[in-house]
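Note that chain A is present in both complexes that follow, paired respectively with chain B and with chain C.
Then we have the complex of A and B:
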């Protein structure tokens, strides 16, 4: 269940990053710093809002800035979802 | 040992404090601007040491314990979420964030000082919009409602929706990132030649009645924000810049007449209404729900008066302090709930809705001193008959300042710190503006009347205990009270319910006996640019420096 949910979060984040950076999902590396993927701070903020709506959790606005990569953010979000 | 909850509005503007007792009851709530007599108290600590000392000595015993509650989760500077950027120059945004950071970081320091501690023993930080919602829902007469916070700013965005029911608040959604109706109105205020920092959005609202909406202004403004399922978003920066550039041609010139901006104000108000409508359209899951509206945008009384009837809500409530000052109470309520798990949000106890009279009382010792040694020749004790005495003066055309009981919390004077006058003479508006208030002649004055008489005088009648709604006067009565009918035929009324305030009810009845009109002109007891009077000295200063005819201090009437 956790693995499935983790994959779901990762796919969602990859899709969001691709939209914001106007790139393809295939070219996104899950272990690269979000800013190196071309995200500006405003993009990070807007994606946080999308995550909140999609998964029905309270997202702390600094999560994306603290965890920095798609994998790390997904792991943190999974903890939040499972604790909810 | 009693425990108190000290709520602080830590926005860096509209600083305020509130004190709750162990039962969750509000003992006092007061804006710092009143104490300092500095409009909006920019940069001032919400727990200003002298103000706090006065409040503590009035309400708390030695040895009491305290919880400090703030109205933000963290300092905005460096948080990465900046909803107000782009519509304001970067320097103004940075200044705003710095004000907030200073107020927030040091909140509670003065309390700690008085308690002999190096920092507050218990401090809790709460979400900004949850504070708005907590105060609004606590004071509302509803047990369940949709609560929409429409604001200038927020922890992550400028709008949030909550569901209030079973004594609990549950957030349903919030917007993230830039996109703020409050910032839009602030930008509009600047374009109209007024200053948002001074809170001059009122002037835009009042001016809108003199203008006509113009399509060539509306279209670019409508293209600045999008509303997606309630979430407000600024459009892409390059599109926004283009629209802002198109609007520059309409900016009121420094030496231009105020009326030059009337069409712009009217157009901006139309655009505001469209955006707010788009958000509200997503709020009502089923018809007939009750709406609680909070956040700084809930001060847009012109818009508020148009909600009922156009949207499927059965009733609308706006608290007496929907702006950031109200968050002092909201934060304290949330801290109380944290300490009392499983207990519902405390409901305000007075009247059907929360009383707005939560502030300080005039110092009786100072009133005694005025009676004994001020040198005013006509100073009379009207105990038991002050409502009649004031009604008599008003009916004779006199303009009277009233300072009675606890001060209003929030921006409106509701009869405790008010200047009152007869609404029947057509020239009364100009007279008060010229002789007392010193403000722009176009700005309207508000009527107050008994709640049950509203439908006889207004269309779309609804309770408006804190002047939150501008409603259209019925056409056939406008000629009877011309001083309180605005250019567009509306009035931002205060309805006084039977269980609201005995003295005001007596005053309205006494005035009606003399004039056959149950309506009194009610404007705030201040002069232009100054906050509402706070001390007995403030009230007397207005009396002696303007053409005000008399002041009532509790039941002591001082006439010129």
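Then we have the complex of A and C:
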């Protein structure tokens, strides 16, 4: 269940990052710093909002900044979702 | 400088186009940056408009409010707004409100002594500030539970990277506050108009009633740093040497040392600026777009400016002249005189009335934001005269 949910979160984040950076999902590396993927602070705020709506949790945009990569952010979000 | 408890510092700008982010801890450099027209405040209105366009959400209330926040602006409108506030909050005008402040403080001190679980934030600093400031600004019953609730929700206004949900909640609180202020219809005493009534009579370009209401709300929201600073001073006193309490009970001593108290205990922690062009300040090169995060507690304790910053800090009346707690230059806080008045009235009366104040906890709960440092609560043992 956790593995499936984690994959779902990662796929969602990749899709959101691709939309905000106007790039392809295939070109996104899950272990690269979000700033190197081209995200700005406003993008982080918007993506966090989408995560909140999609998964029904409260997300502080700071989380995405503090955890830096898609994999790390996904792991943190999984913890929040499973604790909710 | 020791890290303060429960405080987050966010390097937001490292996410934006790889611009540089600098934390400034030195007084001369910090003050030069704050005063310089080559560095501008963060464009809060521009950010909200961008967020609105990208999210599809309606942030119109906040966008309009931002148009009346001089702290986040530059240019002619900023000067106009600031001058309106500074003119009303001048020393002469502010002095007329002293009886209102004295009355509010004494009534609240009386009430404090009847409570089984008094809290200096909930039961003294905040209600005094809200009652007095509401009267001064023309907001009816600003100490009511409803207005207090909205006011508390606005304290995150300066925080970077608020979630969309939080911004929506913030906007809801501010919309309610604005409607309440608009309906206040203050009745003023002759010769002592409230801010809302006064500012509506002033000639000002592109400034209608809704702008006047917004500016009134902005001054209230920003003014909340005054009770926060008051609580920081009180906490320092409760933890400090016994002689400090005796000194704080003296109106003469408090007035003489007010600048040191403000230098060491003001609640604002940072002033942020964005470099508007490539430039050098104090020998430091900056590029256009660089984000400067001036740490006020550090520059206010810089030994190069304030010798012996920790040695007998409250000894000298002139030791703290030129501190940065109210900022500097065109964006200097227009409420500085008012803040001093409230603190000079409240502090000595509190410690004269209750010299044996004792905290009921070892460590208070802290208000946790990037830009503000203040205890959320200051619970006391029951008071005796």
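Rule of thumb we're sticking to: the second predicted complex is superposed on the first by the 84 of 84 C-alpha atoms of A that agree within 3 Å, B and C clash if a C-alpha of one lies under 4 Å from a C-alpha of the other, contacts with A are read in each partner's own complex, and residues count from 1 in each chain.
In this text, a contact is a pair of C-beta atoms (placed from the backbone, for glycine too) under 8 Å apart; a residue touches a chain by one contact, two chains touch by 3 or more.
As the structure is a prediction and not an experimental result, all values here were calculated from the model.
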item	value
Fit or clash - chain C, chain B, common chain A	clash
Partner chain in contact with A:62 - chain B first, chain C second, else both or neither	both
In the superposition, chain B vs chain C on chain A residues touched	C
Partner chain(s) touched by A:48 [first = chain B, second = chain C, both, neither]	both
Chain B versus chain C as contact partner of A:40, first or second or both or neither	second
Clashing chain B stretch [against chain C; choices 239-247, 293-301, 311-319 or 383-391]	293-301
Overlapping contact positions on chain A, where the chain C interface meets the chain B interface	41-42, 44-46, 48-49, 52, 58, 61-62, 65
List of chain A residues in touch with chain B within their complex	41-42, 44-46, 48-49, 52-53, 58, 61-62, 65
Complex contact set, residues of chain C against chain A	8, 10-18, 47, 50-51, 54-55, 160-165
Parts of chain A lying in touch with chain C, wherever the complex brings them together	34-35, 39-46, 48-49, 52, 58-62, 65
Complex interface listing, chain B residues touching chain A	79-81, 155-157, 171, 173-178, 231, 233
